[in-house]
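Dropping the structure in here first, questions after.
Chain IDs A, B, C, D and E follow the sequence of writing; residue 1 opens each chain.
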Amino acid sequence: MSTVVDIVLLTLLAATGIALLRIRNLFAVVMLAGIYSLLSAGLFTVMDAVDVAFTEAAVGAGISTVLFLAALALAGHHENRPGHTPLLPLVVVGVTGLALVYGTVDMPGFGGADNPVHHHVADHYLEESPHEIGIPNVVTAVLASYRGYDTMGETTVVFAAAVAVMLLLAGRRRSRAAAGDDGEEGGAGHR
Amino acid sequence: MGEGAGRVTAHLPILQVVVPLLAAPICAVLRHGRAAAWLAVLASWSVLGIALALLGQVMAGGVISYHIGDWVPPIGIEYRVDIVNAWVLVIVASIGAVVAPYAIASVEHEIAARRIPLFYAAYLLSLSGLLGIAITGDVFNVFVFLEISSLSAYALISLGRPRRALTAAYRYLIMGSVGATFIVIGIGLLYVMTGSLNMADLAELLPGVWDSRTVKVAYGFLGVGICLKLALFPLHLWLPNAYAFAPSPVTAFMASTATKVAVYMLLRFFLSIFGAAFSFEVMALDRILLPLALVAVFSMSLVAIFQVDVKRLLAYSSVAQIGYMILGLSFASVTGLTATLLHLFNHALMKGALFMALGCVVYRIGSVHIDAMAGLGKRMPWTMAAFVVGGLSLVGVPLTVGFISKWYLILGALEKGGLWIAVAVLVLVTSVMALVYVWRVVESAYLREFSGDEGTREAPLSLLAPTWVLVAANVYFGIDAVRTAGVARQAAEVLMAGIGS
Amino acid sequence: MSIELLLALSLAVPAAGTFLILLLRRSPNAREAASLVTAGALFAIVLRIYGVVSSGERPAVVLAEPIRGIPIALEAEPLGVLFALIASFLWIVTTMYSIGYMRGHHEKNQTRFYVFFAFAIASVMGVAFAGNLFTLFLFYEVLSLTTFPLVTHAGTDAARRAGRVYLGILFGTSIAFQLLAIVWTYSVAGTLDFRTGGILDGRLAGIAVPVLLGLFVFGIGKAAVMPFHRWLPAAMVAPTPVSALLHAVAVVKAGVFSVLKISVYVFGIDFLAAAGASIWLMWVAAATIVLGSLVAFTKDNLKARLAYSTVSQLSYVVLGAMLANSWGVIGSGLHILMHAFGKITLFFCAGAIMVAGHKSEVSQLKGLGRTMPVTFGAFFIGTLSIVGLPPTGGSWSKWFLGVGSLEAGQVGLMAVLMVSSLLSLAYLMEIPLKGFFHKPDEPPRHEGIHEGPKWSLVAIVTTAVACLALFLYPEPFYRLMTMVAGP
Amino acid sequence: MSLDFFVSHYNYWVVIFLMMVGFYILISRGNLIKKIIGLNVFQTSVFMLYISMGKITGGTPPILIGDAHGGEAAGHVVYSNPLPHVLILTAIVVGIATTSVGLALAVRIKEAYGTLEEDEINRIEAQVEASE
Amino acid sequence: MREEIIVRVGAKILTPFIIMFALYVHFHGDYSPGGGFQAGVILAAAFALLALVYGLGAVQRVLPPWFTRLCAALGVVIYGGVGVVTMLLGHNYLGYNALAHDPEHGQHYGILLVELGVLVTVFGVMASVFYLFAGRGRRDS
């Protein structure tokens, strides 16, 4: 059953991806990206990652959609037709993709319970966290305690993003004309 | 007291990162730029003190392992300091400690007052991100701190006054994120094969799965991802504009630290985690890196010669110098790696000094165009003297650190014998090219007439003093390189452990 | 005072002199006095070192150790003492000359001139007393840097271009070839110390030996072996005292001195001779000798002619080193000395003619000898010394070089020496001949012209007399050279 | 290639395909916002790769059933690996952080250059450079 | 007009529920999916909703930008501060066992506190970023 859902979701994701590639109205693209996130959240649920699914839905379909829409409102929403031949990107993508596929050949099969991933530290989390931490949601236990430091880093990343956005967007915007002929451009116009 | 001190020293590894990391949010909410500035100075100086203390501890007592959250690795995250990253920490911390006070005057001049507290917040975040990458013993933690340093770096670069700073930051963001994503893919592939994220643990587990294609692909993705971050030719496209258009202190800081930490990542992943034996014997890393490094050194030196914006000129020179570091790695020998590790430090010193001198120029005349700098030798004698010494170091004149790096690099090439002499010749030829591009600036500054504003004076002491600290370091460590070379050699031996050489 | 301290002082005194000169920049008289005192003190120090070294000691001192096993070290050995004696003595003379010249010529930035001059001498002392290859390289580079502001002293476009050539060739060759050769030597020998008999014997063989030697010879651009000689004529834009001391004595001699020192103490002449590694370079030097002379012929500008003459004469020294036998080495060392005195005399005269007579081209000199008899007389003596005719010191070095060539079995080289002597006789003798025997084209023009400034005249006479004296008393210097390479 | 192998790997391959779609949008499109969308798709697909690694067929989400203090109940159930979930939670947050910074940059670029198309920006910059 | 009233009233009624949901997500994170991050996002969304309906200015009067900025910084300090406290108590950084006599309670408190840090920062950041984007647009028109 879950395999069927899995396949359906993956197919839908692929279709959405291709649509994302082809559509040039950015509003539509943003909406599709939101849908892509929702679909992936569904996939995460199928693969038992409920926390991730929740977060992906909130972030991918929620926040980032809002941010994209806000940015589009500020910056316009039409995309030009790509001017140059996509040969180089195609080659890069092709090589990267093939390399990855090549890498999966020796990868343990999907869903195998004996895969090494599940038997090194994961065992410890599942078996010992009830004694060591004492909360049922192992993801939270790992997130906030075993790897709490990563989460602190994550919090800092979010904070860093806020600092960055404040530095970029706080304060008055310069008019386009003023920005266009600013004397700082280039070196010839030194003061 | 004694017991208290003992406790503090035991926590040095985590304090190394947490001090600037927690100072950053405090900076962000301060209202006065000066207050934030001094907090940043204080934090960055204590960071340097901690880094030096750590280096001392490691040299005296060997590897330090700090278990965050009291969880024994690989269950929890570990901070692991050996001589290699203690060395890198000292490099980053030194530059951080010098640039912070330098930034005070420079930033007030180049950035709107309201943004200054945030600037220091971003600066400290970037610093702690880089330190975090260098000190951690957990591969996923590397990614997290990489993003802390990168995000703040994008913001810092975008603060440059020319609007091209924005596009430079954007390009860096795109390429940096691709790099980070590649690194994540690589980490994921390693994880799927071993089930571990701890570096030391991975180093033990990986030999068991060496021959799997997955590990090799992971190797490739990590390599490409890190090389994007360290701007190895031909993945360097983001770097020249980013350095050229960022505010002066940011350029000085980034040029001396960010790429160094990326080189460290490369060494750590390829030589410690995968192991030198795997890298050189299975993956033929040396044969892949050698041509890239040679092309980088040569072509980028050539491009630098034709630049008219001096910041950009030095940015291209940086890409070339990164080539030297990678070249040392591609020798696959202790001497070559010693050269790489020495050059990490030495290049930080020289580029730091040079970019800071340029910052002084920007402060006074607002431009670093080569024509705008004509005749500055008389108007700003100390600034230009700093530039000259830094430039000589870049060329590799004896009594400067540049010479020491070059010495070990050539020695490494000649040690290999045979056709490698051609590599040595190329290193020297590119030094001569460095002479040419440094020379163009010096000639403009000293042998042409000043044409700018009559009131142009020497830069203020608050800019000159930190600049000259680095200049003095260039000379001091050029005259007494026994200690630095000793540490670098020890570190190189650690990294090359397990391979006969 | 311990001899080691003296050795260190030989560097420190001229360096300290720069600060003294800077301090006294407001009063030209005090400034020049400081220059003279410093020069005198330095010569006294070098004389004292000479005394110790000539009794067979080799004092040494380590200043710093940048890289483990490769210190910055000074060591006084006979060859270095010889060079130091020449440079420090001629510094006194040149300083006297400069006082007259710089004032008479109304040069700008005189303080800067004296400061960098003193710096340059300090680096020359470093080259002379370098205890190992690394130290030699270090001071060699510092010398290039400190002489650069002297070359571009005029600040004109021409000076800027000349500066580019100067630094480009000297730095370019030293970084690209010399440094490579040094690291190569280190990686083969495991040391860079100068030792009698060399450090490479038995560690290097086959084609590598001539290649390494070639890297050194071409890497030492200051030796001006063709095709890396272009910087020397270019440097002639500098004020004449600079050309005189630095580009006839200190800088170029630092170059050939390095070649000689490397041949003797790094390779060892026996090893060189046995390996036959230097034969090809002999012929490169020979070609430079002849070509330099030929080019000198075509130059009408007096300083340019002297510069090409220097290019040619420098290769005598290189040739002597490449002969790889003791006569060659002795001739080589003595030629450093003899050529120094001869050529500095010629440059002094050229400068005096420029200051007093406002003439810079050979063709303008007709009849000028009658109004400036002392200057032209000194020029004549200098010419004899350069050509190698008695009763001047130059005859000794030519003699030993000839003997060395024969011992090396290179009769062809003898011919080269002969031809070149004849050529130099022709292109140099033209000047005093023109000065004394040609009728001036436009007699009225010479009115008001007299001998150069008196400080300059003293210098000219001193060096000219020295050329003659060296013919009679070459003994101390010969002894020094036999300590380097006994026959 | 056996069917078994295919069944156990198809998931990865589709995910790789998705990753490459995102990557392709990122590097082939000239619109600065579209590029960021591509980056998002790329990263989201990488997340799927991770989560795929952590899945155990027939497993359940790693929220322990029954007594939180462990004991017998935990023994009978197969839980999927929690570690990739944790990593990806972090990565998602990092992703949105990058996105917001990228968008802020794009907005500023639009204000400074009047366009979001890479080609036009390059053209403007080339003009400035030529006039230097 | 009438629709607008409905929207306004709707938003007004909805907001407390959204905030309560956020708190539930936060505090129930130990037992079910969720935690500080998701809660912070939802909380910020509640205010974004209010801003969309009542206008940015109205919301910024209740929740001024300096406050969100402070929150963004404060959360990091809370999180890092927990580590500092455990360090002062003689354990390693983020060693929650230091926070109580038995490890299990210590872990509980620790997780609660750091999740609070995450909540505060994420809420502060999301609200700030929303303000910045929205604010820039408003000045534009």
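Everything below uses one rule, namely that contacts are C-beta pairs under 8 Å (C-beta built on N, C-alpha and C of every residue); 3 or more make two chains touch, one makes a residue touch a chain.
In this text, all values refer to a predicted model and were calculated from it rather than measured experimentally.
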Quiz item: What is the shortest path, in steps, from chain C to chain E when you may only step between chains that touch?
Solution: 2
Self-check item: Of A-E and B-C, pair with higher C-beta contact tally
Solution: A-E
Quiz item: In whole angstrom, what separates the CA-based centres of chain A and chain D?
Solution: 3
Self-check item: Inter-centroid spacing, chain E versus chain B (mean Cα positions, whole Å)
Solution: 36
Quiz item: Using mean CA coordinates as chain centres, what's the chain B-chain D distance in Å?
Solution: 28
Self-check item: Multi-partner residues of chain C (at least 2 other chains)
Solution: none
Quiz item: So which stretches of chain E touch two or more other chains?
Solution: 31-33, 37, 69, 72-73, 76, 80, 83, 93-94, 96, 129, 132-133, 136
Quiz item: What parts of chain A, by residue number, touch at least two of the other chains?
Solution: 50-51, 55, 59, 63, 67, 70-71, 74, 100, 104-105, 107, 115, 117-118, 121-122, 125, 134-137, 139, 141, 143, 145, 147-151, 153-154, 156-161, 164-166, 168-170, 173, 179, 185-188
Self-check item: Chains touching one another, given as label pairs in label order
Solution: A-B, A-D, A-E, B-C, B-D, B-E, D-E
Practice problem: Using the touch definition up top, name the residues of chain E that touch chain D in the complex. | Solution: 31-33, 37, 129, 132-133, 136
Practice problem: Write out the stretch or stretches of chain B touching chain D in their complex. | Solution: 140, 143-144, 147, 151, 154-155, 158, 163-164, 166-167, 169-170, 173-174, 177-178, 181, 184-185, 188, 191-192, 197, 308-309, 369
Self-check item: Residue ranges of chain D in contact with chain B within the complex
Solution: 23, 26-27, 32, 35, 39, 42-43, 46, 49-50, 53, 83-84, 87, 90-91, 94, 97-98, 101-102, 105-106, 108-109, 112-113, 121, 125, 128, 132
Self-check item: chain E-facing residues of chain D, complex
Solution: 61, 63, 89, 93, 100, 103-104, 107
Self-check item: Footprint of chain E on chain A - complex, ascending
Solution: 50-51, 53-55, 58-59, 62-63, 66-67, 70-71, 73-74, 132-137, 139-141, 143-145, 148-149, 151-152, 154-156, 158-159, 161-162, 165-166, 169-170, 172-173
